[in-house]
Amino acid sequence: MTHLSTAARADNPYSVAIRDLDLDFDGVRVLRSLNLNIHKGEFLVLLGSSGCGKSTLLNCIAGLLDITDGQILINDRDVTWEEPKDRDIAMVFQSYALYPQMTVEKNLSFALKVAGVNKEEIQRRVSKAAEMLHLTPLLQRKPAALSGGQRQRVAIGRALVRDVDVFLFDEPLSNLDAKLRTELRVEIKRLHQQLNNTMIYVTHDQIEALTLADRIAIMKEGVIQQLDTPQTIYNKPVNRFVAGFIGSPGMNFLQGQLQLQDSQPWFIADSALAGLSVPLTHYPFCADLTGSKAVELGVRPEHVVVGEAATALPVCQEVGVEIVEPMGSDTLAWTRLAGQAFSFRTDTELNLKPGDRLLIGFDPARASCFDARSGERI
Amino acid sequence: MTHLSTAARADNPYSVAIRDLDLDFDGVRVLRSLNLNIHKGEFLVLLGSSGCGKSTLLNCIAGLLDITDGQILINDRDVTWEEPKDRDIAMVFQSYALYPQMTVEKNLSFALKVAGVNKEEIQRRVSKAAEMLHLTPLLQRKPAALSGGQRQRVAIGRALVRDVDVFLFDEPLSNLDAKLRTELRVEIKRLHQQLNNTMIYVTHDQIEALTLADRIAIMKEGVIQQLDTPQTIYNKPVNRFVAGFIGSPGMNFLQGQLQLQDSQPWFIADSALAGLSVPLTHYPFCADLTGSKAVELGVRPEHVVVGEAATALPVCQEVGVEIVEPMGSDTLAWTRLAGQAFSFRTDTELNLKPGDRLLIGFDPARASCFDARSGERI
Amino acid sequence: MQPKPASRRRTQQRYGRLGIYGFLLLSALFFAIPLYVMIITSMKGMPEIRLGQLFSLPGDPTFAAWIKAWSQACTGVTCEGIQAGFFNSIKITLPSVALSILIGSINGYALSFWRFRGANLLFGILVFGAFVPYQVVIYPMIIGFREVGLYGTLTSIILVHTMFGMPIMTLLFRNYFASLPSELFKAARIDGAGFWQIFLQIMLPLAVPIIIVAVILQTTNIWNDYLLGLIFAGSDNLPMTVQLNNIVTTTYGVREYNVNMAATMLTAAVPLAVYLLSGKYFVRGIASGAVKG
Amino acid sequence: MSSSASQSGRAGAARKRWQWRPLLATTPMALTAIGIFVVCVVYSVVLAFTRTKRFPTFDFVGFDQFGRLWHTSRWLASVENLLIFGVLFIAICLLVGFLLAVLMDQKVRMESAFRTVFLYPYAMSFVVTGLVWQWMLEPSLGIQNEVRSWGWSSFSFAPLTDPDFAIYGVIIAAAWQSSGLIMALMLAGLRGIDSDIWKAARVDGIPTWQTYLFIVLPMMRPVVVTSVVLLGASVVKVYDLIVAQTGGGPGISTEVPAKFVIDYITERGNAGQGMAAATMMLLPILLLVGPWVYNEYVRRGARP
Amino acid sequence: ADLEVIHWWTSGGEQAAVSVLAREFDQLGADKWKDSAIAQGENARAVAYQRIFGGTPPGAAQFNTSRQFEELINAGLLQDLSSVADKEQWASFIRPPAIFGPCQKDGKVYCVPVNLHSEQWIWVNRKVYQQAGVTEPTTWQDFLESAPKIKAAGFIPLAQGGQPWQEFLLFRDMLLGMAGKDVWYQVWRDKNADVAGGSAVRKVFETMGELRQYTDQGMAGRNWNDTTNLVITGKAAAQVMGDWARGEFVLAGKQPGEDYDCIPGPSPEPYLTTNGDVFIFPKQKDPAVTQAQFKLASMLVDARVQTLFNNAKGSLPIRDDVDMSLADACIKKGLALLKRPDAIVQGYALFITPDTRGQIEDLLTEYWSTPDMTVDAAQQRFVEIIGDAD
């Protein structure tokens, strides 16, 4: 640990750097030797399912939890044992955490008053933040008299006035309905473009992650699985967990065997009925292939081509539609491929009905292939 | 009221029929002379924003609220003043409403036991429901030991065992995370296909509404705005409210004037800067046009065509990208059209960045045109 | 046409409601009778009381007994009624209630948000302490107070009430604060507020519902206390209940039931008033977090 | 910061710096918890093994005091009374409290009037309660006399005069005093139940009484626990009520352990014996309440 | 200085008496009587103990002539009054000497007796006896014989309070009245288990058991003065109570010999026990208070104060040379007895501790209210208690 920290110090270009972070709750290790470097001005999203330790990590960065081992640096400064207020961070919570007995204005100015900032300066910053977030007409209201979206804006405003380098968001939009979520998402994105400070954003909503992030860190059980840009994560998930987690509707996974036939790799689906063989010649393997091996082939529903065009692809079959889910802009249809459930996305205009039969196909080069045992991408 | 009920009785082919329903809460009219007919086996979704009276309507149908005036018929029988249990309905709640101290099995069987159903029959129905919902291994657990999705399945199971004709769902999936929501959505859809009984489903999530419904009733302030199939509602919203409510990302609305030029209708956008004129020749008007009139033109982001292909369309402009929201399967980009915010959906492959310039266009025939004052579709 | 089903259902409901009201009224009667007896007895003359008709209204209502109980009844050499004790009780109750609530709320706050080592153990001991009969610890406590020279002073009785009230107060506030979102606390810490700032500016204003409950409970307990007041308050501060006891056991040939009742009512007046005025908030306050176990 | 040793050293310091304010703020609690509920209790327990009369002497006599204690019929009667009183009192309060709360929850008119009537006895001290109910149950003055004056001359209701029933007279008074509080707690608990549960039960066709009994009541476990704790604590301490209402009589039929303790440490000047009795009172509390407190608050710690 | 006095004289007659003391003390000069009345002896004594223990002792506190305060003396917490006592030669006039005994230890004086209470009295309502057509009892045998007739006439033959100390008082009265002086001493002073288990004591238990049927239902928990009131108002025929009951009759305006009567015993050979009240004077820090204590101590034995006080209280003075001419017939009966040394018996409280007394009270109250309890069982336990007493 020591050698790392001294070495890293020399040329740390990061806004937030986390080194070998361990954290135990009552003897249970929730975060294990976690390393994470976040660039200045970057929008980093921590994504993962419930209970994977996202909030815990954020709380560690904020200084709200005492860590078990490791080091946290913010702007090159070791803040591992600093008070939250001395870390140059601000935080926005899922439950808004507004002070219910104070007006919006007081909520915004509380931190500044505590810090002893003078009155005019408080006034200036509050009105600037209020303007930026369209809160000016609401300044004299109490939180109870605000809608969910307004409350969340106040919560963001409270972070804004503090004029810090790093913003931490803990699922700030989870409590809002879908429509508001979309709106505020755009506002947060716009805010980031205006302020250009570092933002660390926790969510379990992958759409939020994909739309907002410069980079996404996908977590599972306290370990970061993949840290990369949204595109890479979407298109080249490093393991089955990431692949399944990202994308809505979710990726289809077909169980099967990876076999070399004529020194060409083939995916043979496990199936009692209709067989399915997929040539993986153009698949960008990252590992050497030796012999046969149980794998899962992941295919995103939107990479499936429907109708005549499918015949041009290496994989093409006629299937029966079981369930149709129109989503307005497009439609998700469920069928069976080699006896396994398989969904695909089509244009709404096709007007599919359960029972319809049609041709579908996909390009194996855009699929992902995972070791069935380890779940790693092959 | 009396004459109506006798008249309606004669030939009511509906599973659930609501006639001139009024409901007051402490003198405030929450539902006003509402009429709704639901076919046997239909999946009807009540969609609307919070507080519009969806739950209230559902509770009236269930018999949990005494109505002020009107009539409710279920399977041709006037049940307006029947007890809930005698209405041949079952209901699933957002908060699951499981009996926390009973095991899953007891939760499922309690209603039957109270109704005096014999043991084998209870056993049979419970195990059938449990199997259908994959609850068999969980039967001996208590609700506290279940995940959210499992709980909601138990709640559905509790409705299932009662073997009734009409299922009522009050936002059954709202408390679940996105991933689970998608999964359970499919299960409910499958269930409906299996059981083929009438389902009335309340939600404020339009994706749920679109994917599940045979017909959607969109409510606002206790009044049904539009009752139609998802496709019609999506493509031909009757008013600005419905148009804005349905679709994610939401429809773009451009403010402007409807004018007749050379006896051809044109939409002229309000704009200080670059002008935008849209020929509405092929637009399917539902009203006569007389003179100029303030309107809003609604364009769905996915109806916008990007790049060279756009030049073929009646409307085509070069625009600068302001914000890019990659959503995995595709990307939403925000720009300005005639000075007004405008979003469009593109392929992720395009790899747009803020600042990029490109051509966009759309087909006015697929747009919607609303009276700016009344909000009605023109 | 038949009677509308609506009206049939409503009629059934009406009978049900009649039953409910009937039962509630009967219960209310049972609960109210002792108070009724106290009031009417206090307004009767002794001859009338001797007739033994406990429940009949006074033939000739008089407040003489009240006046006597308040300002004339003898307790030993002095015959000043219970008024002196009334002011002593106020002197004891006000600071004790304030202090015990302050300390209870600080404890609850510290226990809910600032988990420090040993906090849970301390709290466990405190909860256990709620069950310890006072008498078991009175002797050592007397020694303790004697050693610090406080025994028999107003300070000591206030401290004693604070300490014996601490288990319940702490439990009450701890449960309440635990029901608040912890994000509130985190937000305040990030905003740079310290231990006391968070307590005074964020948490205390939020605790109003439970403070009301605490005020009610503590006022009642402390006002009604007899034993601790007798032992610790010192001869100058004996609470009203001591005088009450003297009057009730002090009698001429016949016990003056009317004076006894009046004295009893006067003694109970303060907690009664507290309940009458704030019963609504009591239930609300309990609902807001005290019952989360 | 050059070595991990110095770093962790600083870390330790930082943690301590974190903790001192809450520690300071809770000194009164620590002093009370340890000073009163540990030191004083232990001190008292130690006295139980001595020959202490009025003034503490540390002249140890082993278990002699306990031997004598368990040969004292008044102590045995006290223990038995406490059991009867405790079980019945708690049961009646819970029952009445729950019943009243359920009825009050039916959107009754004048709820606040009813609530006040049910709750006001809790404002009365046990002393006043005891006195009032002594009068009410007095054969020649109270209820018995009143009913007889209506013409039912054989009516007999004077529990306090009969050693076999006196304890029930005490229970009536105690339940009268405390039921209202339980009603308030239960009412709060009922109001906290998710309204969907009610709807679900109605749709399922479960009769109201079954809903209350099998669904709602089990859901109110925390309230019931709180109630039992509050009532239990007052049961163990019950003293004033007995002194005011019966003085322990007739005979020793309403004696309770707390009164035994107090009599011995005050009037009778045999604190050793009194503390032996007190120790015997603490023992079951420690055994019953201890594990619960440990589970609920110490081990699970965290948030309830 | 203010001299705080803790006492339990809160009942009607008692109040008048304690007011005499307060008034007289205040008239002595600079010092003031500060009254701390606490109802019920056990409460008052407990508070006095706790106050002394807690380091804020009262100036004076009432106790009984008994072993109640011996631990205070042993612990050296009481003011030595020898200087005053020697100067005024208390030993020479306090009589009977037995009541001064508990105050003295190692030649020093630690308390001041203020009165003598004789317990052995039965108070009867003459009119009730007249109406029932029976004569007033002079022995317990008489009483048992007349009781059924009184009961038949619709009166309560024996008014008995429902508190342990009253039941014990009844027992003592019967023990002395039926078994006599020797048994009395053997039981209390010598703690002779054989005598306690003997036939004389057994007879007492038996008689007591028989008396149960002559009481009324309202007995449970009743105070002594309420019980006296039954006799005063003619609801009951008789009450066994100490001489303090006289005050209640006086306050009710009743005349001895006319409305009511006080009968010593009842016993063929009446005795008087030497119970009474004393004041102790805890050591003080403030010398001015100590001076006031000496003043009060001296005042309490003053002949004039004794006269006024005992006339008001209805008790007997601790000295012979006081003017009790104002005293009524009942007091005079007591005074007469007091003049016969062989009629004077030392009180039980001089011999047994409060602890033992408490045990006996527990036994007797249980016995009294449990008709099922056999005489054997009760006496057996009595023997054990006497045997274990120290």
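Points worth noting:
Note that the chains are named A, B, C, D and E in the order they appear, and that numbering of residues resets to 1 at the start of each chain.
The definition used in the following text is that a residue touches a chain if its C-beta (ideal position, glycine included) is under 8 Å from a C-beta of that chain, and two chains touch if they have at least 3 such contacts.
Remember, it's a predicted structure, so these values are computed and weren't measured experimentally.
Fewest steps needed to get from chain C to chain E, stepping only to touching chains, is 1.
Greatest Cα centroid separation from chain A: this falls to E. When chain centres are set by their Cα atoms, the one at the greatest distance from chain B is E. Which two chains touch most often is answered by the contact tally, and the pair is C-D.
Taking the mean of the C-alpha atoms as each chain's centre, chain A and chain D sit 53 Å apart. Distance from the chain A centre to the chain B centre is 27 Å, each centre being the mean of its Cα atoms.
Here the spacing of chain B and chain D, counted between their Cα centres, is 55 Å. If each chain is reduced to the centroid of its CA atoms, chain C and chain D end up 15 Å from each other. Across the assembly, chain B contributes no residue that touches 2 or more other chains. Along chain E, residues 53 each make contact with two or more other chains. Within chain D, the positions touching two or more other chains are listed as 140, 221.
The residues of chain C lying in touch with chain A in their complex are 181, 183-184, 186-193, 197, 201-202, 205-206. Within the complex formed with chain D, the residues of chain B that make contact are 59, 62-64, 83-86, 89-91, 93-97, 99-102, 110-111, 114-115, 158, 162, 170.
Chain contact summary for the complex, chain C toward chain E: residues 74-78, 138-139, 142-143, 145-146, 149, 151-152, 230-231, 234-235, 238, 242, 245-246, 248-255.
On the side of chain E, the complex with chain C involves touching residues 4, 6-7, 9-12, 15, 18-19, 22, 33-40, 43, 47, 50-51, 53-56, 58, 223, 225-226, 228-229, 232, 248-249, 251-252. Residue ranges of chain A in contact with chain B, taken from their complex: 49-50, 177-179, 182, 185-186, 189-190, 193, 204-207, 210-212, 230-231, 234, 245-250, 300-302, 323, 325-330, 332, 334, 345, 348, 351, 354.
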